[in-house]
Structure formats: C-alpha cells, structure tokens
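The same subunit A turns up in both complexes below, where it pairs with subunit B and then with subunit C.
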Partner chain A sequence: MNIWLRNRKITIGSVILYFSITVLIFICAYPFLNVIAYSLSGYNAVLTGRVTFYPIDFTLSAYRQILGRTQIWISMRTTVLVTLMGTATSLVLTIFAAYALSRNNLPGKGLFTGLILFTMYFNGGIIPTFLVVKGLGLFDTLGALFIPQAINVFNFIVMRTFFRELPKSLEEAAKIDGASELQILIKVVLPLSLPIIATISLFYAVGYWNSYFDALLYIQDPDKYTLQLRLRNLLFGEELNSSGITGTNLEGIGTEVMSQSLKMATVAVSTIPIIVVYPWLQKYFVKGVMIGSIKG
Partner chain B sequence: MVSAKKSKRKFIYVLRNIWNCRMLYLMLIPVIAYYIIFKYVPMYGVTIAFKDYNIFKGVIGSPWCGFDVFKTIFASENFWRSVKNTLVLNFATLVVYFPMTIILSLMLNEISSAAYKKMTQSILYLPHFVSWVVVAGIATNIFTQQGGTISWILKSFNLKPIPFLSDNKWWIFTYVICNVWKELGWGTIIYLAALSGVDETLYEAAYLDGATKFQRLIHITLPSIKSVVVVMLILQLSRMMTIGLDAPLLLGNNKVMAVSQVISTYVYRLGIQNAKFSDATAIGLFQSVVNVIILLAADKFTKMIGEDGII
Partner chain C sequence: MKKRLFICMLAIFLIILGVSGCKNTNVQTKDTNVQQGSTDVTTAGSGTQSTSSSKYQTTYGAKKFNNVKITVELFDRSNAPEGSTITENKWTKYCKEQMEKVGIIVEYIPVSRWDEVTKMQAMMASGTAPDITLTYTYAHAESYFNQGGTWDLTEFIDGPDQALNMKKYLGKDVIDIGRNAQKQLYGIVARRAVVSKSNLFIRKDWLDKLNLPIPQTPDELYDTLYKFVYNNPDGRKDAIGAIIWNSWNMKIAFSQIANDVKKSAIANGDDAFADFYDPGMREYYRFMNKMYNAELMNKEYYAMSEDNLKSYITTGTVGFFEYAVNGSVDVLRGSLLKTLQENVQGADIISIPALKNTYDGKQYSSCYSQGGLINFCPKTASEEKVEACMVYLDWLCTKEGGFAIYHGFEGEHFNYDEKGTPVVIDAEYNSKDKDWIRTDLFLTGNQGYFMTVDEFIACTAKEAPGYEQHVIDNYNNALTGTLVYDTTYTSPSTPNLITDIGLVRDEYTVQCITCPEAQFEATYDKYMEELKKVGIEKIIEERTKYFTELYGN
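Presenting the complex of A and B:
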C-alpha cells in the first residue's frame, strides 16, 4: 500500500470504513449461514422462524434424510454429467473460435467474427430456439442442456483478447520450426493460457451447474432433472407429493417443517461444490472479467 | 495487362493464404455450424411472428398473416404491463445498485490491509456464483411472512410482519434487495480495476500539498474513474428492456403477478405454457428490435460525449 496511507493513525474515518465493510461482509455471508443453520436445526425452531445464523436444537437428521433420497443423487449425477460434458464442449469450441479469430492473417476473419458478435445483440428468442432444439431431436435429452448454449460470446471475447496479447515471437519461432497451427495452439498457446482457461472453465461450469431454466424447458423425464430444477421444485413446491420429496415416513405437521430443514440441507449440498472450487480460481477470474469488460 | 497480371497474382496470394490457414478453418467449422444451427436458424424462425403458426405445418409451411400477431399483442394489456414491469424492476435495481457498487469500490479501495481486502472481496464475489434457485430459496426463508426470519424479529418487538413477498410494493423491494445482494460485489471488479490504474504520484503530490482525504477523493479518484462510470451507466441503461428470467420467475408468485410479470416471463408463459408460439415470438422480436435501437443510440451517444463506443 501507498506510503502516505501506511503511516496514518487510526482515524474516525477508518473506524467507520472498517465497521461498515464488516457489516457488509456479514450481510453478504448471512444467507449462507442461514441455510446451514436451517439445515442443522430442530423442527420447532424452524417452524417459528427464529433460526438466524446459528443452529438451534442441533440435529443432523436433515442430512441423514438426504442420504436416503435417491432422486437427489440421481439429479446430482445428471448435473455433474452435464457440467462436465458442457464445460468440455464449451471450452473446446471457445478455444477454437478464439484462437482462429485471433490470427491476423485469416481471410474472412471479419465476417466470422461479425457473425458471432451479432448474436450478442440480436437473437431469435426462446420460442424459435425451442423449436430448433425440438426439431433436432434433442428434446428431453441431456444434450439439450449444453449444446444449444455451448458458446458464450462474452467468454469468446475474453479468450480472444487474451490470445491476441500473447507474445508473437514464440509462435513465430514455432512456425519457423515447421509447427502447424494446431501444434502451435496445443504446444505453445495453451500452456501460456492456463489462467484464462481456468477462468473460462469456471464461468462455464458455474453456468451449467446453476442453470435450471434449460432443464425446465427441455426436460420432461424426472429421471433427467438437474439438481437446480429438482431444487426449484422442492423449494417452490411444483411436485410436492408426486416425487415423495416431502417424505411419506414422517407424519402430520412434522412433515412440512422437517422438509424445510431438508430443503435447506439440499440447498447446502447443491451449493457446496461451487464454494469449494471458487477460492482456487478467484485470483484468475478478476483478470478475466476485466479483459471482458474492456470489450474486444 | 499489367493490372490483370497483378490481380491474378493477388488472387493466387489469397488462395495460398487460405490454404495456409486450413487448420484454422477446420477449427472454425464446428463453431460456425453451432452459430448457424442454434442462432441463425432461430433468427429465421422469428418469421413465425408474421405467421399463423401451425404446429403441424411447421415454421416454413404455416401461412403468412402480416402484422396480425403484432396487432393482437399491442392491443393486449398484459403485454404493456410486462413491458412496464420490466422497466420498473430494472430501473429500481439500477438506482440502488449503480451508486452502491461505486461507493463500495471506493470503500474497498481505501482498505489498507491487503489480507482483509482480499478476504472481503472473496466473500463479496461469492453470491454471484450462487444460482437464482438458491437465492430465491434463501430469500423465502428470510422474507416470508409465515415463519420467516424478519417476521420473527418484528414479532419479538411486537411489530406487524411485513408482506415482503405478497404485497406489490414490498415485492419490488425484495426483488431489488436480492439482485443487489447477488451482484453488488461482482459489480465492483470493473471499478476496482479502474481505481488500481490511477497514477499514484497524483495522490502523493496532493498529499504533500496538504489535500485532505476527502479532497483527494473528489479531485483525483472520482475524475480518474469518471469515464468508466459513464460507460457503465450507459451500458446498463441500454439494457433496460432486457431482464433475466430467473429472478422474476422464482421470486414471483400469483399474488404479485401484477408487478412480477416481465417480458421474459410473459414470453415463457405465453409460448411454452400456453403454446402461443407466434405471439411469444413476436414479443421476443419486439424486444430484440427495441434493444438494438437503444444500443445503437447509446453507442452514438457515448461516442458523442468523447468516450469509446460500447459496441
């Protein structure tokens, strides 16, 4: 930090600053704590709404119940599968597009880039897209959950900007040694681009993990429900009794309240993977966002 | 003769260049195929906005009907209400979100402890990565009138519970709070980047000249992020007609439909749930066209005031 700031005394201003930031951190973290507290609380506490950010009448029964909910695990598996396939597909296509269109000498570059960028501003909308997906026979398949939105233009711009800024000398050296474009991409460009690959992978993976609307649109078979769709139905009661989410082994009022803890435990389970991955990638994505917001 | 020879040579040069780039074209094949199939074919599909769409005849076979669909839509009260709600929700969010991100960025920029700053940023960015389903679920926990946390707190002070999710005005409030909570930290990244680029010697000189902290903020910090602020404001204003589907759909309920029905949810309900494909497509098209017009105008405006364009 700057010298003229480092040596200052503790002022009223800095006390207010640190105090308000701390309050803000609490506000930001509170809902997460609330979820955990709910999932670990006894049902009387949950019923009255007095659970805030620490568990009351600590119990693990909600988590124990989740273990027995095969549907949640089926959805978890589907989501993991879609996230992995989707991220891989998206990453490869984005790298191909960004790499090819970051070369200066490519004839037709402007046309192809324009073709891609135009879709940022104008699109057919959900119904025509829905009809295309249906027409291709992707309806009610997992492919519908990642193929129709495989490339994100923003991510493409970020990656293309990154590739453009790589030192040209290395590629030229490889070219003189007789390397093909594909070899240059794999052996020279990609090893230098690990930070941006990590960032873009995170963006895609989080996007796939969190998306529920595509599943709502395209998936009918409950066995193919993604975790977020299952969660939505569970939280906002679309399939209250049909799927057995509210539990048949519990009786009376206990059922509903138990399910509130159960709901929050499911929320926790579905969010934990993101929270686990996130800190490892944090140092990369800030740069990615900055590149993207300066635009291509 | 000479020019013919020249153009022939140029032609050969271009061909050779294309041949040299064959690997790049190979990489572009799946990309372009993707764009044509999933973006440009649906763009052709918007023609059903001008057709009496029949599911058995398909997009191409359905008969044209001119602007009939648009006439129906523009006469529909629900449509105009969804446009109004979109604008109201976007504007309400912008009014709170925009100044807050700037203030928060300035605050974060003042934190001198690097470790504390990093921790703060980690926590503030986290909500951006949480799904709307989860956010709406948590919001229900906190805001619901029956057994929600806030009701419980109010009750313990003998106050009346507030209908955050079931009263129109309060629902807008809740919607804004949830949006701001989710995106506030993320929105600071761009400003922090601009702030980190401010020339340190300016502060140093001002400090030596006896400028107070507040004066340094007004005369150095703010002017140096001014152009980012202006561009971000224009960018966000130009998105006023676009609204994500997740938040209004998940937070909304039947009681607040009068304020929570926005363009995107209306298109979804009309098109997917009621199978009125032509109507829904026409609304989508209307929205896209308005967006493009706003964007072009905004781009022109940004260039007029001496900034880089936004397209």
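Presenting the complex of A and C:
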C-alpha cells in the first residue's frame, strides 16, 4: 500500500489535505447543489422535504414553467441589453471622470471630487429621483435603468486611485511626443489599465444584471421588464396566490409545481448566466481589486 | 485651503438644501389646507341629496360619456399565458368593449403585485398614479385622502340613483369600510366572498384508532394530543402533537374579550396588542407553555418555515395544526391531504369546529375583515374621470362584469347545476384562459363573485373533485360560533412603534412558551413590562379612542 502511494507521490498528509478540501468544497457547494436539486425534484419529494443535494423524482416542470414563457425571454433580452448598454455607458463615464480627476493640474479638482463623494453618502430619495427621471423624459424607457445611476462613486474612486498610481514618466513621455490629454488616455493609460477596466466592468455588469428596483419604479410597459423584475413578479405572485390574501385556493395557476421548486428554479435561472461570466474574468477581477484597493 | 473651500461649499449646499426643504414643506401644507377646504365643500354638497344625485350618474348604463379615458391599476404577477400580456388579453379587451358601450375608454396600468405599495407611493407623489389606484393597506388610502390627495367619493356614490349595482353587490357594511370617521368615502372597498380565515386541523385516523372524540375544549385537545404523542396509533416515535402555524383560532379560544366587539377591535392589529390588552392571552401562553414542556410541540417550533410545516403534515408526523382555512386540500398549498395519503395509507385530516372558549364556554371564530382591497381616485383625475371610474367599478359589480370575469361564460367555462351553482367544465382550460387574471381584474370582490357564502362554498367545493366535503367542512368549521372580524384601522403611532413592539413580541412570546412552567408568570409579567417600555400603551390608547368613537361606550 505504501509503495503504491509512494509511486504516485501520494502521502497520508496529501490524502488528508485532499479529503479536507473536498469536504470544504462540498460544504461551500451544498447550498447551490440544494437549489439545483430542489428545482429538479418531483412534487412529493419537495413537499415532504426529502431533497438534499441531488434531485429526487427528476422533473423539469419548474424550468418548463419559467422558461416556457416568451415574456421571460423578452425580459432576458432586455436585461442583456441594459447590462451591455449600462456597462458601456458607466465605464466610459467613469473612465473620463476618474482620469480627469486623477490629474493634479485640473482646476477645482477637490471641489468636483467632493461633490461626487457627497452623493455616495447622501441621495435624493426615491420620490425626488423618480420626479427627476420623469422630468427628463426617461420614465418607461430603458434609459431610466442606467442613465440616472451611470456612475457608481465607489467604482469611480477605485479607478481614480488606479490612474493616480500610474507612473508619471509615461505621461510626460507622451506629452513630449506631442500627445493630447485624450491621446494620453486612450493610447497610454487605458492599455495599462485593462485589469481595472475588467474589474469595474464586472462590478457594473453584475449590478445591472441583478438590479430590479429601478425597473420596478421606472418601467410601466411589461414588455420592458427586466429579468429580475419578471422573475420576482412570477415568484411572489405565486406565493401570494397561495397565501390566501388575495384569492381562493383555486386560482388556477401553479397547480403542478410547488412554489419551492419554482423558487429554486428562479434562483438558478437568474444567477447562472452571470455566474458563467465570472470564471472568464476572474483573473482580472482579483488582480484588479488588489491593485485598485491596496495602492489606494 | 482646498479643504476649507470644499467644507464651505458643502455647508452652503446643505443650507440651500435645508431651506429648499422647508420651502417645500410650506407649500405642501398650503396645498393640504386648500385640499381640505375643498373637501369640506364637497361634504357640504353631499348633504344635499338632490344636487349630488343629479350631478353624477355612476350606475352603469345610466349615462353615455363622451369617450372619457380612464386609467386603471392592474396587479401584475407576470403570469400571462402565451400570446397575451397582462394589459392586452381576452379579458382586458372584454372589459374595454363593455366600457366603450357607455363611452369610457379604459387603459390598464400594470403594477407589480408584490411591490404595489412602493410603486403606489412613487406614483402618488409624482402625480402619475392611475385614475383608479388600489392597495390592500387602507392606512395609505386614508392618509392620502386626509392630506387632500384623493377624491371624496361620497358625492359619486351616496345618491339614491347612483352606483346601484355597487350598492347591491357590496352592501352598505362593505361600502362603509371605505369611510373615515367623518363618514367621507375615501375609497371603494372590495367585498370578500367569504371571511373565514383559519382552521384547526386534526388527524382523523388517529382519533379513530384511539377511539377518541373530536376535542371541544383546549383541555380535551391537550389530552388528545398527549395520546397522539405518547400512545401513537401508528407507533411513531417522532410524532409531533401540535404545530400552531396561525394562532388566530387557538388564541380566540382563550380570549376574555371575544364577546365584546369594541374591545376585540382594540386588541386587533398585531398579536402584541391582544397579548397586552386581552387578559385571556396569559392563559393562552400558559396553555402553550404546558404543551411545550410536555413535549407535544416541536422543540424549535419558532424557527419553523411553512415548508417544514408542510413536510411534517405530508409525512404524517403532526397530529394537530392550525393553518389556512382550506389548507388541508388547497391545491396551491400543495394538496397536503392528497400528498399525505400518497405517503401514509389510510391517513386523513379533518378540520374541527372552533374550541369552546375557556372564559365563557362559547365558540368564536377569527375572521378577515369583510373588505378586501380598496380602490381610490387621486386628485390628478378630473371630476369626469372620477365619475367614469365609479361607473367602471359599478359595472364590475354586475353579472356581465365581475361575474363574467370571475366565472367566465356559460357553456364555455361553466354550466349551472340544478341548484344554480356554476360548475367548471374544464379547469385546465379555465386556468389558461381566465383564472390567471380573474382576481386581479375583479376590483370590487375578493375571492370571487358570489352573492352568498353558501354559493361560494358550493362553487369552490365543485372545483376540488374528490375533496368536496372537505372543502365544505373547512369553510363551515372556520365560521363556527360568533365571528370576530379583523379591523383595518392603523393608529397614528403604530408605524413608529411597531418595529420595537415586534422585536419584544418575537422575543417574549418564544420565552413565554419555552420557559419552565414555574417561570411562566414572571416571564409573562416581564413581557408586559417590556411592551410598556416600547410604548404599546400609546397605541392602545389611540385605538380605544378611535373605536369608542365608532362603537360608543
């Protein structure tokens, strides 16, 4: 046995290590497995609470109920659109603001930074913001979902700190070569800032993807509902129907699927697409956060 | 230097912000005064019946409007079937067509059901609320009215020839729920088809096997549950005697004020109010404490989720539970009895009549208020639009309106049986065709269009093939004895105090139930002391004042 282990360079210590790590991975993954298992389990198993980390009486009816609706796909399209447009807009504005305010020679830099920081601690509140959105003609448009909150102050600070830390000599060299501020930003600063751009993009993208409250307030047309709002309506609508507050016991919907399965399938549908994006950007994500924050 | 400049700028900005805030407040106060002034005029006008009845015609068909456009809020659950949306579907089209016949153009404004209050507040504050706005929180509707933000509907409804269909279907009692203390009508309240709220369920097969009668008093219930747990007929060692998911009907069996309408109303609104105001609640918690210490309840009952409860029921673990009125056979709650019978052969659950009150020996049942959601008209709607809105609500009270929306059309969705009860032809078809929207479109009724409770029960039973008798028994048992209705009043201090009160309630109710029996008195006294510290007396005082005005001394 020992020879076998030695030949493969497997020691008792490494076995314990791998075992412990496997247990830890299982503990971390269990909530996700439980969600997936519930979403794929049969009616009786869900109702009697027998589901743990694997499906019992496998069924796709919860997913069928959610994904079988055209409206879900319309909302998915809207969310993707808002996420892409929002991330692009936010990124451009944040880069411009952060770059400008990271330059020491900008007059009134402190004042502008202060005003921006002020909005991190104080905001206008729901109703005044609603009135502004309405006044700008953004009500019931997709623009309302990303224009009012285009710049996140935290992200702005992280990016400004990153720009500040870039070597001054590079900028000076570009100036000697006759580059304008815009050329310096585009040709010198941005290529050096890919980690922070990837990081901030991810922050923004996740924020836009998960956001439902803005859609709740500013969107009236159901065809413009975001995925999160649609799923929230669907999920809580089911729950309300079964709570007896609004209706009888027989309102005719959700008769096949337990709301718990539906709940879990909803969680899966709303999170899996963005989770899939993470691994691709993770190397930038970790690096970016470290550079942006530690040096700040 | 820069820091100083920044601080100065910030200070100036804050001062400007503060001053502008004050200005707004002043303006608002002025507006409120103006609105209240106009409300007074309206009230004065409504005193003259002839003026009000001739001014607005709000019975459907009594007047032809000139294409008046109204907007109507519609709860959206994102459950529209394929090929239709919440606003564009067969039923909204039907409603629009019917209203076009009298010159009213209806546009529906979808609002997420779950977030209706947040959205309503934003829309009301920004002047974008639909002409018919709705909510389940009456306090908001009354508050908007008191601030002058919504119409006094008295003049539109109270005249002898006005809103006749509405008066016939809703009845005076339900309409009056929408009035404030000055009898002004600030909203049109939907009528609940049935007010039953909660039921006591027991394992019938265990009773039979142990040859026990249905318990009629809390003491008999205790003895029964003791036998369920310690002499379990199925030989289960994991049997749980009781799970009190809703405590309404259990509590009322100990109440010492249930026979007093005014006192019951004062104690209503939150469990803590009753715990503090009703001396019988001490006995209720004593009973629960006794059950807990005898291990007739789940050790961690306070952390139990509804899914856990359903799991215990469907695996045949629990012997007695208080749950929603039709919870045992409700399809949307998971058809618990059916699932139980799949898992445990021969198992049966029945609801039982209300237990006899320990104080006076009578039976009482806790019930919902007769009113469901409330419809009101913001001041952004013109006078003519409000008149048209009332016509729309009046039409919903007709057979062609609410009845058709809820039950569908004869021959397509239902047929009448020999007693005149609508019997569903194809539940699956109805589900896809109309049931998904029927409750939300029918704004003047909750739980369906039914003229009587018996009609509701008969129709509902027909929709549950195989469990008809259970449905009938469930609704009848939930209406045993004297009915004690929920109230809809929220006292002015409640919003500020209720969070702290809730924290005390949650902590001490668990302590009262789980402490050793010898410590019960001291724990309950401490609970009362803590409630006083967080200001419950103020709420009780306000509620007493309000309900004394309503019911007299």
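One rule holds in what follows: the second predicted complex is superposed on the first by the 221 of 296 C-alpha atoms of A that agree within 3 Å, B and C clash if a C-alpha of one lies under 4 Å from a C-alpha of the other, contacts with A are read in each partner's own complex, and residues count from 1 in each chain.
The definition used in the following text is that a residue touches a chain if its C-beta (ideal position, glycine included) is under 8 Å from a C-beta of that chain, and two chains touch if they have at least 3 such contacts.
These numbers come from a predicted model, not from an experiment.
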Of subunit C and subunit B, partner touching more subunit A residues: B
Contacts of A:Phe130 with subunit B and subunit C, given as first, second, both or neither: both
Touching partner for A:Thr70 - first (subunit B), second (subunit C), both, neither: second
First (subunit B), second (subunit C), both or neither touched by A:Tyr225: second
Touching partner for A:Phe139 - first (subunit B), second (subunit C), both, neither: second
First (subunit B), second (subunit C), both or neither touched by A:Leu190: neither
Partner chain in contact with A:Leu217 - subunit B first, subunit C second, else both or neither: both
First (subunit B), second (subunit C), both or neither touched by A:Leu47: both
Partner chain(s) touched by A:Phe236 [first = subunit B, second = subunit C, both, neither]: both
Subunit B versus subunit C as contact partner of A:Ala150, first or second or both or neither: first
Subunit A positions touched by subunit B in one structure and by subunit C in the second: 47-49, 115, 126-127, 130-131, 217, 231-232, 236
Interfacial residue positions of subunit A with respect to subunit C in the complex: 43-44, 47-49, 68-71, 110-111, 114-115, 118, 126-127, 130-131, 134, 139, 216-217, 220, 222-223, 225, 229-234, 236-238, 240-255, 258-260
Residues of subunit C that touch subunit A when the two form their complex: 2-3, 5-6, 9-10, 13, 76-80, 82, 85-87, 109-110, 112-115, 118-119, 121-122, 125-126, 128, 136, 193, 307-308, 310-311, 314-315, 324-326, 329-334, 336, 339, 342-343, 372-373, 427, 430-431, 435-436, 438-440, 446-448, 460, 463-464, 471
Contact set on subunit B toward subunit A in their complex: 14, 17-18, 20-21, 23-25, 27-28, 30-32, 34-35, 37-46, 48, 59, 104, 107-108, 110-112, 114, 116, 119-127, 129-142, 144, 146-149, 151-152, 181, 185-186, 189-190, 193, 200, 203-204, 207, 213, 245-246, 249-250, 267-268, 271-272, 277, 280-281, 284-285, 287-288, 291-292, 295, 310-311
Sites on subunit A touched by subunit B in the complex: 1-2, 4-6, 13-14, 17-18, 20-21, 24-25, 27-29, 31-32, 34-35, 38, 46-52, 93, 96-97, 99-101, 103, 105-107, 112, 115-116, 119, 121-133, 136, 147-151, 180-182, 206, 209-213, 217, 228, 231-232, 235-236, 263-264, 267, 270-271, 274-275, 278-279, 282, 286, 289-290, 293, 295
